[in-house]
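For clarity, chains are labelled A, B, C and D in written order, and residue numbers in each chain start from 1.
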């Protein structure tokens, strides 16, 4: 490409050289604009629409762009399909650097234009691909239809055709829009305008009020009539295996400390019996009872809880609730164990957001599948798992500060929802 | 001792014409030495141009054809917008690649990195020079044609190995080593099938192999020996597909596994060379298959003189390219139908299936010749 | 070709050195932004360490400040191959909280769209499986029929991928009149194509060689890791939420739960093909019994959940999809929503399956696990 | 993978595969040949060429649009229900006071850049003032053009 940019310098002094330069421009642009090879890259939903656009129904091959290259060195076009997370950002910048020029980028979908659905209250998503690499064409939509992507491709084609040897392609710079809050900006500008307008209009309004003291607007908004539907009672889904009362009774027999969460004063057995059939029994267990109970329900033939659905936690002001969801494949009943862990308030307050506040025994030796789930809970809540074989952060970088799913979590890049 | 001879029909023609044209020049310029030098140069230029035109000219056509064929298998249209039904799409692609930025990755062995695509291109060019496209239409009519082809075909693997090794990328290295292992293995059965052809035709010269098939379709090597010919043809098809690194034997590139194999780190013109070499190899291999099995430039006569007369009126080169394109179409159908075997299965297939069958074939062919003729 | 005959064992004598390969986050066969760190001995995998989080979008944190309705829209972005199924998973949890039922027609709409979504996802699997093995044509075959499903979905819901269709008590709109005839026509078309597609891939010797005995996940391991859906059933466990805990009106249909024994890649492929046929069976029953009259949703109410914890589980195309909604106070906003995606345990079990296989097999295994990475990372 | 089988079984399987294998490949090839020679199976829609006939479904959610009559009057009362329903604050309903001092719609700002086209705003609108249109050709080179003002006139009231 370098040689072509020198063409005007060499050819312009020669009589008629201008026409040669124009001819070169024409040929080069024609080739570039009509042979755009995209990079195989996609992170989420938009990637599927990008794939759809190369499939039989829409067929991006008509434009000569079906040559999706897996190696960035052979690609021309970077279709940024899908959300860009902070963790993915360096990879994207590296990919962009590896594409030889002239190269172009299409931001496909709302996520890559502005952050899209993940714009507010989010610590993980980069708000717009523009922050990382220069973007040529924006295709809004969530995800955009394949036709919309083609429209983007055609828009890009027009942009390429405008290049000349004298005004060659050059790599633009990324633009920092990461802190842009379009909603608040618009509201702020409007408030200022409104203030000015109020001052201007004050007299006119006062005059109007004098002239029409009992003014009634002729405008009556018509409410959209919504179709009326009958109320339908809910029928609980079928239940298999032991009933909640049976499970609770049997557990209580062995571990007298287990209870269920309730506000009512009724005896606890009645509370359990009142739980709808298709709602799993959730028992509160003491942290020290947790491992024995899990061992018991896994090994006892009556329970036979061989299947771990999930491990998750909930953050409250002074304690965590860690919920372990178990199921018996053989019998079909479920049991949720809710471990209430008091937060360790002996840690000084300023250190609390970055330190592990509670600790519980790991069950990953009983359920190998719990290993990743416990890592997730550790990563999101900062709960320590004793005896976990590989306690590392799972979704976030290892130098990420804080535990995002705690209620008091803050992140410098996080913008609060305005409404 | 067997002395290989090289004849060149085009050269003969030029050597014949140059002294006659030289007569028009002033007497002072006339000399035999000069004549022969001029004749050599003209000859060389014609030959190089011929080979380049056939090779480089056919590559965009083939790429276009491949895109269209795969599109139609996949129920879509393929390139449509550039030229009539996208005919000049590939020209735009090649031009664009020429104008792309070229750079080598850091840590790459620059000399080898840029040398590799050139080496890959050499082999198909030499093979192309040996193939008779028509009566008297051959660049170099070498008496040891087949051995030379076998020798030269191994050149491609060198380029791929070099490219993969010098890229300083693990994927490239894996791809290069895979292709090295694969191509060297399949080279053996490739050579043995050609040996089978040499055995039944009694010649190593490609022209005489072709002319040995003169007659009707039944005289082509594929049909001349019942069953064995067809088996040999299928084996040739398989081993040449593997030789060319084409799907389903494209484990060296294996986009889904190695993102690009040996050419992961290549861009711009060097990549275009790899890309073209793949298709030029397709031409030469199809041409070889045509020459060795499908009667080369001979028309598909059926023994009815009324029809055959018309068939004979068509120039041989047309027949030749018609057959070559049929072969290429077959390669493409196979490519877009089958999935890729694993590297160890590929080796197993070669050493445990293809090679034994080849050996049996050779013995059976020899037995056939001894018994029947 | 077949493995070594007995008595012919090769001894490895050369000294080799292990090396690392980084697969992803941008790689054509990791199905999204997943990074696999591979420890390799030549072409043989010694260890696979999956690194998640390249598409962790903080959905659960974000959900805490969203209303329940808005979360339904957000749930589309988890398993985007069958967004319509995610919708249902969330909506059922909300219905349990709100205590509203769904009229019969609404249930039929739900079941039909669920099964269409399942077929769409499995068709993508068919495509990706073939494509990852190197047969690009399969990829296009799979997507061809899928487009027809998306056309139907677009007509019904208004969007091809991110449907945002179900609401507590029913759905957002009634289905258009053309829905049933279109589904019928699609089923006939699909039946015809599936025959071709199976002929194309199912018996292919190369596919058999590359998938039989590859990535075996034993029954015990599959349960221990918490695998679900086709992966679990391919290992011989007959567990399908549609049968084990029937939600919606799945107990009214006659369908089988296909189960295979070996738990290798080929079984995981076969089971999904069998499930396409089962889904078609359900859809045919739906088309027959679809109530023409009657309400398609129950009375519209504001989506407010009383205090409590609500759990729902459904069987999506990938497996068990569970939603856990915690409402701390009665209101429109959740205190916390947690989603259990089916792909997470599958990738966790990847190391177990891929050890000792070649790098090409890893691609096959990944394809047959059919993960959707944003659903793992959320 | 080593299995324990006798040599006889091994060769039996070997030769069986030598026959079933090629047959399966021929089956596969027959499908691709069938598809190759049948142009009726081509399903491609040629987008820029079929622009005139290309019509989205009625429910297709394209861009948000304000329903206006011929004079440009809208039904919006600036109640802000759409704004609250939006999952990611893509709508600013900026109200003003009209000459009678009544709260009316001043500017309806729509951030198309972050809109996910979920349609919750349309669902939430009590007066049917907004709808999703069928526009899908929305690509642009200028991200600022994605911030739109939907109303031509101030709201009535």
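The rule is short, and it goes like this: contacts are C-beta pairs under 8 Å (C-beta built on N, C-alpha and C of every residue); 3 or more make two chains touch, one makes a residue touch a chain.
Note that this is a predicted model, so its numbers are computed, not measured.
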Show me the overlap between the contact partners of chain A and those of chain D.
B, C
Considering only mean CA positions as chain centres, point out the chain farthest from chain A.
B
B-C versus A-C: which has more C-beta pairs touching?
A-C
Identify the chain whose mean C-alpha position lies nearest to the mean of all protein C-alpha atoms shown.
C
Distance between the CA centroids of chain C and chain D (whole Å) is 21
CA centroids of chain B and chain C: separation to the nearest Å works out as 46
Distance between the centres, which are taken as Cα means, of chain D and chain B, whole angstrom
48
Check each residue of chain A and list the ones that touch at least two other chains.
55-57, 59, 62, 70, 117-118, 120, 142, 145, 417
Numbers and ranges of chain C residues touching at least 2 other chains
1-2, 27-28, 73-74, 76, 137, 140, 144, 147, 162, 200-201, 204, 206
When you check chain B against every other chain, which residues touch at least two of them?
73-77, 80, 255, 259, 336-338, 353
Edges wherever two chains touch, nodes for the chains themselves; is that graph a line, a ring, a star, complete, or other here?
complete
What does chain D use to touch chain B in their complex?
18, 25, 28-29, 31-33, 35-36, 39, 41-44, 46
In the complex, the residues of chain A that touch chain D are 56-59, 62, 106, 110, 113-120, 130, 135-142, 144-152, 154-155, 159, 182-183, 186-187, 190, 194, 197-198, 201, 204-205, 208-209, 212, 215, 217, 219, 221-224, 417-419
Name, in rising order, each residue of chain C that touches chain D in their complex.
1-7, 9, 66-67, 69-70, 73-74, 76, 137, 144, 147, 154-159, 162, 164, 172-173, 196-197, 199-201, 203-206, 208, 213
Report the residues of chain D in contact with chain C in the complex, numbered from low to high.
1-7, 10-11, 13-14, 17, 20-22, 24-25, 27-28, 30-32, 34-35, 43, 57, 59-61, 85-87, 116-120, 123, 132
In the complex, go through chain B and note every residue touching chain A.
67, 71, 74-82, 86, 89, 91-93, 95-96, 99-103, 255, 259-260, 263-268, 271
